[in-house]
Amino acid sequence: MQADVIFAGFGGQGVLFAGQVLAFAAMDAGHDVTWMPSYGPEMRGGTANCTVVIADEEIGSPTVKHPKAAVVMNLPSLDKFEPLVTPGGVLIVNSSLVNRDPARTDIIWLMIPAQEIAEMIGPRRLLNMVMLGALLDKLPILPLKDIKISLSAHLPERHKKLLKSNLDALDQGAAFSRGELKVEKVTSSAQEPTRTIAPTSV
Amino acid sequence: MDNIMRTEVQTVYSRPPSLSQTPTHYCPGCTHGIAHRLIAEVLDEMDIREKTIGVAPVGCSVFAYNYFTFDWVEAAHGRAPAMATGIKRVLPDRFVFTYQGDGDLASIGMSEIMHVAGRGENITVIFINNAIFGMTGGQMAPTSLPGQKTTTSPNGRDVETMGYPLHMSEVLSRMDGAGYVVRRSLHDPKNIRLAKKAIRTAFETQKRGLGFSMVELLSTCNTNWGMTVQESLTWLEEHMIPMYPIQDFKVSSGLDGFKV
Amino acid sequence: MPVKGWIEVDEIFCKGCELCINECPQHVMALDMERLTPKGYHPVILTKDGCTGCGICAIICPEAALSVFREAPVKTAKTATPVP
Amino acid sequence: MAKEFLEGNFAMAEAAVRAGVEAYFGYPITPQTELLEWMSSRMPELKRVFLQAESEVAAINMVYGAACTGSRVMTSSSSPGVSLMMEGLSYIAGTEVPMVLIDVVRGGPGLGNIAPSQGDYNQLVHGGGHGDYHPIVLAPASVQEAIDLTVLAFDLAEKYRNICMVMADGSIGQMMEPAELPEMRPLRTTTPDWATDGCLNRDQRILTSILIDPTLEEVYNHKILNTWYRIQANEVRYKEYYLDDAEFVVIGFGTAGRIALTAVRNARAEGIKVGLFRPISLSPFPFPQIEELVESTQGILVTEMNTGQMLEDVKMAVKGRVPIEFYARLGGIVPYPDEILGEIRRLAHEPRSPDGDPRARWMQRLKDGVITLS
Amino acid sequence: MDNIMRTEVQTVYSRPPSLSQTPTHYCPGCTHGIAHRLIAEVLDEMDIREKTIGVAPVGCSVFAYNYFTFDWVEAAHGRAPAMATGIKRVLPDRFVFTYQGDGDLASIGMSEIMHVAGRGENITVIFINNAIFGMTGGQMAPTSLPGQKTTTSPNGRDVETMGYPLHMSEVLSRMDGAGYVVRRSLHDPKNIRLAKKAIRTAFETQKRGLGFSMVELLSTCNTNWGMTVQESLTWLEEHMIPMYPIQDFKVSSGLDGFKV
Amino acid sequence: MAKEFLEGNFAMAEAAVRAGVEAYFGYPITPQTELLEWMSSRMPELKRVFLQAESEVAAINMVYGAACTGSRVMTSSSSPGVSLMMEGLSYIAGTEVPMVLIDVVRGGPGLGNIAPSQGDYNQLVHGGGHGDYHPIVLAPASVQEAIDLTVLAFDLAEKYRNICMVMADGSIGQMMEPAELPEMRPLRTTTPDWATDGCLNRDQRILTSILIDPTLEEVYNHKILNTWYRIQANEVRYKEYYLDDAEFVVIGFGTAGRIALTAVRNARAEGIKVGLFRPISLSPFPFPQIEELVESTQGILVTEMNTGQMLEDVKMAVKGRVPIEFYARLGGIVPYPDEILGEIRRLAHEPRSPDGDPRARWMQRLKDGVITLS
Amino acid sequence: MPVKGWIEVDEIFCKGCELCINECPQHVMALDMERLTPKGYHPVILTKDGCTGCGICAIICPEAALSVFREAPVKTAKTATPVP
Amino acid sequence: MQADVIFAGFGGQGVLFAGQVLAFAAMDAGHDVTWMPSYGPEMRGGTANCTVVIADEEIGSPTVKHPKAAVVMNLPSLDKFEPLVTPGGVLIVNSSLVNRDPARTDIIWLMIPAQEIAEMIGPRRLLNMVMLGALLDKLPILPLKDIKISLSAHLPERHKKLLKSNLDALDQGAAFSRGELKVEKVTSSAQEPTRTIAPTSV
């Protein structure tokens, strides 16, 4: 197996952690895996992304130009990664912050109001797990239950009380992807970055 | 008697011309921005924008130069005073100032700041003391308070092993080359007004050739202190000021009679 | 008779940090939760009458996002100086 | 120990801990700060020494002092901070005390940026401090290798009484991978017979880098040069991939090397017989191994995240006997495998010549728009 | 009563065992040698020779290690305090001291000395202030007196352009980590006795773990001052002491009751 | 101007003065102190800036500041002091401001000694600070050349907005020779269009070495690499002696080069057809010229006052096509012409092979007592 | 009754700097202009009687070249300690 | 013409200046010339020497192993340089501080009580000029009068009042060499270094 997924969005949207959860699960499932972060040049509120590569042989590059899948949480990330997903690949878009549909026809894409779904379950920042759930439905590299086991094992102690809602978020994301969940997109227009990122450090 | 009062629109405040139109990258509520604004106001009031060269540090204010409309250079970490010395010595009629954080000035840049003070280098230093390394994500600074938790003092600063807070204004004011050394704070409007007066006086010190001038500004870092903006102001007031009193440490007699 | 004042918020700069809100002696400021700035913050606005144009909000604003104006009797009018 | 999913900076820190490092002195700098931060909680917990120095200059001199006592000791930094250590490193080399330095390299020169780079190759491998000395420089390409080489670094430093550096480009510091940490080694129980730890029951010892009499300094220079030849003979490390039948060879180290691995696999899938040679010890550089490669090779592609600093060493080994091409991304940019694949194709399919300057050709391609940077 | 007085030979003074049998390279009459002797006497009296590690500077005393019988390391110029920190941190039960000139400590080594004082590093510093760079042939030091002629202040030190003399003891004693900071002089037997007591107290400070201890010793450099040995003693007394008063600047309360 | 009998350090100082240096910042260190001392009296006399900095770190950053104003500015030091300037130099390279550094090299590593050496070749030419940049490095072999190259250094630094260094081994600094100083040039009257000297009647200017966006840093790296290629194309300097009919060539720079000249003459007197190639610009190195030499040469002897740092560059140019031998004195020792003559004889008369490592052979001869050091 | 004292000069160390000579309260020291030490200095010697063994010369000697002895009544004799 | 002379002695004996005077004169006479100092490893009171090379073409090495002449002012310098002088060369020895004659028979050597001669004229430190005078008699690379002109031209201003005695010293040295001056060697045995040298600087 070889799969590569890019998670991209504003810093603070849980982009990096979503990638880590996937990577944990891949490792627990016995695959080789790399997780590589990348930060945009903006000083704060800027973009961040991470690339997860999963394979069964020693992984060469931890970066890929054309990922099998991309999970994008804001418009700049959609603009950047939509053209790059390999034909036949998967693109999961956070429709809560993105107003346009992808234009590609040679890939599978999903617009998911991840923020609204998250807020149905708990805090808005669960949106990353919602999107991960949706991804795994569209690109079943690992069974959702493996992800859940890994998440339970690796969630930092101080967040353990949020475990249940994280698991729910995964489920709801997958459910939405399967068409089993209908959600109204409520938040209007503009993108709202989170505000907890310190300047890039030099 | 017909008492008709005519009125007119007055501008009480508007963005000073020395500030550029670039939004800062600072975290919301970070008081670095206040310090920037005060510098700009002072330069504009003194009408010396076009004669001023700023020296930016390495720290959160590394991009300070983007937020002003006059010339800037960007120094190596801690070396802004040396760079400012180089500039001032070849251009003695320009106004040269450094803008430095506490990591920059009090940790790696200790030697350079001590020596510009000792030499009475005719430059101005704006020293932002936020008791932490902001830019690199909240490590302990020499100015961190005893017990303060940072990412490199995870159990709080233990003065026995990690050293005592450094009082840079107190120390620098002892150097014979110091013309004006004071500490101010940026946590409320009253103190901000006093801070501005101090900055004005510091540049006046430079104008009069009275030697080294420095305004230490107590500043917040809500992000790395792990607080809300409002909490950070309170923390500054309640914890930093007792350790770092707002005070004039050295005022050259050459400033006698100078009023802002 | 209280002086009538008002502010202008430059949304390019305002980051919704609320510093001004907390310092306004007239308690006439708040974040506009309906709107977002280009950088994605809720900007500050005047929520009621009563601004005196005292300028305190501008003194604390780290982003120099605020301009402050007031209507004043003509005889005391000076050339506008940007000194709060 | 089981594999864990580890970040490179953290992994190197913990590897050093388990290798028995007794004292860490350092100063924060991105992208290695996590290493220092982990040390700040871990070392005191184990009752070992952690000290945040006031600067990199102080840090390297604290390391120097602690190393003189025979303690296992290290520091870490990133490019500008490493530049500040050059005087101290030369002193350490002039005193033959062992120590380990980890440089998590970022984009330069100057303040540059904090993105991954390999721009310090020359500084670490060839130049750096004043005078004649040779540090050992190891370049990991994965988190596991970062762990293993960190442990090895201490052993080599002590074996040869030499500086040993780990040159981790920023990506190695910040990426995460499954990797296995070693068992915790017991701490050193003996003190080397040169250490200045107080002269209880023995004669005075002095550790110094002054030899005011040039004839003695010459002898010292011969001595450390001989040590260097021993190191060259014994400590060359590298990894080969698909070289058995390779007509073309890609040479790259660290992150550039592992990215090239993917490109090599993809090229193989296209039927190009290409292999990868990945130097692990940059100093000593695998000159003999590359010289040998030349015999069976029709062309070499060197790929780096700098302007061709290792390229010079490859050229030295190749001596103009086979064509070399060069491809690089600079200033903090990490190349994609596709870019390198394109270069492999060009190498395999276009006319080649052993003459000329591979870097100049690369610059020309950039200028001509043959290469477009993404 | 038969008053026959029996007498016996007493050794009033003999070369202390901590000094080696190597003659120094110092110029005749250079007071560096006196400082060496006092250190040796103190270590022998405290019986800690075998537990002591000296850190030599770059300066005329660069070869100090040749003149003692215990362990030494030789630091880079100005970095002795950092090196001493490294040693003391891994060997906290050893006595670690630096021996530094004024160029070494107050010019290039400013940052390191300030920070060991700030951290209260439990080491002792013997600071030889001879108001000049001796070793390199008489350049101006930060401690050179106003008007003093040196090879880099050929017309005398002009404080306006070359800076003011730095008062290191005064400054360092302000650091919270300082346990004992005093200034003494080596120009006559009385002052030498006081200097020895101060060195004894400084090592006691270290023994008791009271933090940073420093004895600044006013010292002569007849060669680079361009004087005879005797003139140099007089110059020290008449010119240096008024600028650098012999004084206790910081004595930790942990030393209360300690008598030498 | 008439010839005067001048000491190298003094001559370089006065040459800088006459070339119009406006500001000097430095810190005393043997064996360059006389340079600084001369500046301390000369510059104030001319109402220019002299400042004894508190350290070399401060000195280089003062230079950086003054250079940003468009002033002609310099510093000087010797090996350990130069190591302390590495961060600053990298910043200067990352900002493209011109400046001149004179390194009067002494024996190392570490504190070493104060005798003449060429041990900083790698530091100045190849490594040094972090990141990708290339200083110009000029190596005088006489007092006259020290004067001429000092003047040239300012011109090149400004022409290319590049660091320019003069690498004078300690002997050049301390020896005396008849030499002619240039006329006093008038001081600069214009200010370059990038200088930050206050924005009177113009827009803001910023000088910085940060390019936080790697794509911009990459562009910058390309830019300074292109500058470097221009420098390589235009600024190679060297001197040839008796090469017309030479069967053998000695290559050496600075003092080692001029000592070799005597040896070459003596060898010619014995009938050995040998010539001397003396690189003057060490960076850019005369690669093409040496490559060309190879055509007509049966053997090359490289001689240095270090462990063979330039030897590597010669090997790079020679590409194994002719035999190379190596001879060096280290740690502050200046060789005698006789020693080099002996090596020329060996080269001419003993079996030669282009293979193997010339340095290893030299070490073997030392070990075997074939060479005895005096 | 003045105590009788004397000094021994280790000529390996003495550099003839005259510091001791100038401090000797009894004025009994001088350089021996007839002799040179191995390093080429005129060493110090006692030139007349009167040394009290006060040790002051040793206190100021930068080279620790001097040993000082005295003859003292037995009852006050202590173990010799090298403390001036 | 090609000549190389080494002047060696204790620091402070005027070794370096003697070489400079010769070099000045050579330059004034239109030759190329180099003067190269070298300091012993001792920190003070140590040896110093300088090599003067005079030639009519661009000078290569400023150092020579086997000089045409050596002027040695103390015993260590005699020990060191006696074996090195080229056969047929000249060795001038300061007999005031040196108790043994040279053993070489293939060179011209002269034992000269330079210190006593100097003290006849003025201060002892004129001994360097005495020895230079003797050298030029034995090795007439330049006419003594050229040396005198150069000395007059180059003597530092503050020493100008000593010019006359310096010139005398040259003459007397030459006279002694020619056998025209008889001097009793009075100073006894040991070598007395001067004491004005600061430590070697690092």
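A, B, C, D, E, F, G and H label the chains in the order they appear, each numbered from 1.
We adopt the following convention: contacts are C-beta pairs under 8 Å (C-beta built on N, C-alpha and C of every residue); 3 or more make two chains touch, one makes a residue touch a chain.
Note that this is a predicted model, so its numbers are computed, not measured.
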| item | value |
| --- | --- |
| Chain B to chain F, fewest steps along touching chains | 1 |
| Top chain pair, ranked by number of contacting C-beta pairs | D-F |
| Averaged-CA centre spacing for the pair chain H and chain G, given as whole angstrom | 40 |
| Separation of chain A from chain F, taking each centre as the mean of its C-alpha atoms, in whole Å | 55 |
| Rounded Å distance between chain B and chain E, as computed from the means of their C-alpha atoms | 37 |
| Whole-Å gap separating chain C and chain F, where each centre is the average of the chain's CA atoms | 61 |
| Residues of chain C whose C-beta touches two or more other chains | 39, 41 |
| Interface hub residues of chain A, defined as touching at least two other chains | 41, 43, 195, 200-202 |
| Touching two or more other chains - residue numbers and ranges from chain D | 30, 33, 51, 54-55, 57, 80, 87, 91, 110-115, 208-210, 212-216 |
| Chain G contact footprint on chain E (complex, rising order) | 5-16, 19, 21, 23-24, 26, 28-34, 36-37, 40-41, 44-45, 188-189, 192-193, 229-230, 233 |
| Chain H contact footprint on chain F (complex, rising order) | 3, 5, 30, 33, 111-115, 171, 174-178, 255, 258-265, 334, 336-339, 374 |
| Footprint of chain E on chain B - complex, ascending | 107-111, 114-115, 118-120, 142, 159-160, 162-167, 170-171, 174-177 |
| Sites on chain E touched by chain D in the complex | 20, 49-53, 55-56, 62-63, 65-66, 68-76, 79, 82-87, 89-91, 94, 111-112, 115 |
| Residue ranges of chain F touching chain D (in the complex, touch as defined) | 57, 79-80, 82-84, 86-87, 90-95, 105, 107-115, 117, 119-120, 122-133, 208-222, 225-226, 229, 306-307, 309, 312, 315-316, 319-320, 329-333, 360, 363, 366, 373 |
